[in-house]
């Protein structure tokens, strides 16, 4: 089978665009892991809620702007859900052992999963991309869906926004400091509880954006949380816990190796993500980039 | 018995140990002193293998132990206690010490004998020496801070070391407890013919029991010698001991 | 429990429960015999996991792989070869332990979450093989209707067999936990750094712990085949491993019998609440959260907490020693 | 102290035993009990809800007329979460504890095969309503298992019969990497090769079930420039495949065949965003065949549940028909007589008369091959140019069944 440069290029772009969604979700997960030390299994559920909310909102508004409004509002809905969960449950448990937190966030994901089923039903849902992003354009001889190009643009934007937030704003700096040394932040007379709460919401907001962005490319179903969360954890681990750029590197490794795996060795594409994690962890047992832990 | 030969260790940019030298002879009690951040704990971590030096050698009984992992260094006869309490909080006091005794007797991997019947005598002996025998069935995490520090030492004794390293054994203790602990250390050294290397903040203690003293500053060895030599060393006086000791 | 001279109350209680379990099959409905069998099998996996998680402090996130691999090994020997049945039964634990050796050898190089995620990746590779290799493992259809020797064909007989092996495994595990090795393992859980400092090769002991745990998971895998006579790729999927982990944590991961309780709670919940509502996972989630908030040591941990003062009282009367060691009942 | 423990533990067990035994009192001539174990959470519900709802509709009608043999029919459902172990223990619960007379359900192939083996041992009739593995009534078939749904062998035959009439030569196969996908691909390809020996397979790609992003695969496939692509996919991946085909414009360039692409379960969630010109097969459309019987059925379903029936509804309806007719014919609730009655039974349905083949207990269903198209008046795409492939061309022959069963 002859594979031309055009296909390889196209595959590369598609791989990167898939990485971008992973990156946005994983950056959120990693941020929460870094600042709060909470391995949040419910992160996948929030992503799912983001997708379902996008469906509902864009259907309610309809028309050309439906999707854009949904893209703005759905993550906020996710933030509201996570604010409730944080104030009600999470904030009492930050000091617990990791295994207990895993148990706890798993329970939350069970509850959220069933709540989504109660609210949205168990049917497949589907969102169409806005008119302007429909179809595909020809790029170096290969046809690339416009929506994927859109993702490639939006991914770095979100990344830069997060970077500016953590390095330029006061609260961002405080959360970063809290990631390294909690006691110090407490000593400074800052209400740590609110810093944590805020950091948690930022992470969840990213999960919501990820869910909203993925909505037009897939069928929105119950169970999409499970497929995502394990990949997200693997990405965060190989990138370096709590390191945002690590999440980016991890996502790119996942997205691109997977897309090329598909091109050259389709029968075994299923094992590529796991293989890459095994290799990375054996060579660099603490992830590729520096972990804040 | 132990020779540390110009050892270096840095964390990122920070030089924690910057060419330290140390010599300990058999049967001595040697103290390492220095201001906070002088690299004392790092030095101990290097000797016991928890950290690997960037450069330099550590020689114990004429053998280079620099590349060995901690557990092998321990088997060569060096054990230590930690500055921050570092025990097995969910095990009983007895269990804490027994773990070390079993490890020393190479019986840790015994799967089918009941641990309640192995190494009981040796463990109780150690507990009796340090005065924790009456608390042997309590969960270690529930002990007072002072008792936990004593337990630290007891665990270190479980391996019947030749060289015992104590990292601030009296940190956080009340004056009475400090007094008792120091008595214990002296007694141990005599009873078990131990060589002891320790570091300590309380200068009174240091000068009262140490036979030789090594002074560290910014990760460097300033001097190693008898208390008198150290006291009279100008740089030490200026840098560390301050006026009071210089006079007294 | 550690009392050497007189059987303690715990032993009495266990005796009563044991007698009760023996008399279940002839009297109770068949379904209960089956569910109890399922609880034994699953709690054996959970307890074997607890050896490394609760007592060894390792993040063994993909324990189900060893259970599944053993079930597949047994099923393959029984269906694809004409070897004697007992060879099939032996093959399970052996293959599981070998898998444990390979996966564990890699994993003990890492710590905590890294350990766990590496194990999930390695385990998922195995899952992918089982899932993909249609001609050999039947792919995701699995292998069903596995023939058993006539002695194990009836539900009651297989129940007794499972019960016997289960109790034997429990005794062995208890013995191991009370052995010097068990103590050392718990010491490693509490403080691996200190263990190195007292001359313990932490990685080697962790690996040994994994081997023992995977062996018992293997035993459970064989029992699963005996009970269900089916194997399928789900057994190796990470979701099942997570469920088993949840069972440990729910029951109480620092206690010996906690995982049985956790397993019993989850299985009964899904069987008996599942009758009335599709939303039994919602109820499970709420129960789990209540446990985390109000019983942080798990259900069994709580029971122990409640019973302990009383036991102390009794023992003092008998002039016994208060040996509340790491292993509770 | 010791006595307290004794007494309390005995009391506890006493209570448990009583609770256990309560529901097992003497059983009078109550209703006929049917147990359904199926997946009622997650993506498969798109299919299983219709089965359950259509079944309920039909059973309610029967009960309104006084039931069967003077007894009402009662059914109870269990959600297995698409997990084999849960499915198996729930099936056992239905059989051993609820003491159901007939078991139904399952969409998960592995679970179906496991439950089927169990029913064989327990001698309980088991009616499969959605699982597509051809092993169920083929290789692993037995006296107690029946299927009212198509299976991969039938899909393969039907698709090959339809595709052989089209001019394509160079094919590519792509699909979900699980048993259903592979079986379906093998079925289509084997039959197609037989009907039209000059077809060539130029490549394959397989992705993991639930893979969200299929664009990379489609790019790889278009690079090879096949005449047509056979997609062996199902469930949630269907919608993904259709979306990716639309976004990349793949469906415009290369004809693609996907089983169930024309089916309402696939097309409804996509609305008007589904790609046109996709070739698909299905057992049922609510608008085809255009007979009064089908119209009445679709209307009754829509009145009851506010949505159009999908293919699952046909299976649920068929299951209800076969069960009630066979019970009537058997004369009393006796499992062996029920099975004897069911073998070879014919029932009327929205897609015409359907026979339960006596030899392998497989319902003989016709298949409809069509092409997706936007049609005014529908808020979603529908199938057009429908060609009916009669059951005789769809069913594997008895010789083939004998062969796989090693007889």
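A, B, C and D are the chain letters, set down in written order, and residue numbers restart from 1 in every chain.
Here is the rule we use: a contact is a pair of C-beta atoms (placed from the backbone, for glycine too) under 8 Å apart; a residue touches a chain by one contact, two chains touch by 3 or more.
Computed from a prediction, not measured in an experiment: that's the story for all the values here.
Just to be sure I understand the contacts, which chains border both subunit D and subunit C?
Neighbours common to subunit C and subunit D are A.
What is the chain whose Cα centroid lies farthest from the Cα centroid of subunit B?
D
Given the two chain pairs A-C and B-C, which is bridged by the higher number of C-beta pairs in contact?
When B-C is set beside A-C, the one with more contacts is B-C.
Report, in whole Å, the distance between the mean C-alpha point of subunit B and the mean C-alpha point of subunit D.
Distance between chain centres: 72 Å.
Indicate the whole-number Å distance between the mean C-alpha point of subunit A and the mean C-alpha point of subunit C.
Centres of subunit A and subunit C (C-alpha means) sit 33 Å apart.
Just how far, in Å, is the C-alpha centre of subunit C from the one of subunit B?
About 41 Å separates the centre of subunit B from that of subunit C.
If you average the CA atoms of subunit A and of subunit D, how many Å lie between those two points?
Between these chains, centre-to-centre, one finds 35 Å.
Give me the residues of subunit D that touch two or more other chains.
40-41, 177
Quick check on subunit B: which residues sit in contact with 2+ other chains?
Subunit B, residues with two or more chain partners: not present.
Of all residues in subunit A, which are in touch with two or more distinct other chains?
Those would be 117, 270.
Which of the chains are touching one another, listed as pairs?
Contacting pairs: A-C, A-D, B-C, C-D.
Contact residues on subunit B for subunit C in the complex?
48-50, 69-72, 74-75, 79-80, 82, 86-92, 95-96, 98-100, 102-104, 107-116, 118-119, 137, 139, 155-156, 158-159
With touch defined as at the start, can you tell me which subunit D residues reach subunit C in the complex?
Residues in contact with subunit C: 1-2, 5-6, 9-10, 13, 17, 20-21, 24, 40-41, 76, 78-79, 81, 83-86, 88-90, 92-93, 96-97, 109-111, 113-114, 116-118, 120, 133, 135, 140, 177-179, 182.
Quick one: in the complex, what on subunit D touches subunit A?
40-43, 45-46, 49, 177, 202-208, 210, 212-213, 215-217, 219-220, 222-224, 236, 238-240, 243-244, 247-249, 269-273
Tell me, which parts of subunit C touch subunit D in their complex?
So the residues of subunit C touching subunit D come out as 9, 12-13, 16-17, 20, 28-32, 34-35, 38, 131-132, 134, 139-142, 144-145, 228-230, 232-235, 239-240, 267, 270-271, 274-275, 278, 280-281, 310, 314.
Could you list, by residue number, the parts of subunit A that touch subunit C in their complex?
39, 89, 92-93, 96, 98-100, 102-104, 106-111, 113-115, 117-118, 226, 230, 233-234, 237, 241, 270-271, 274-275, 277-278, 281-282, 285-287
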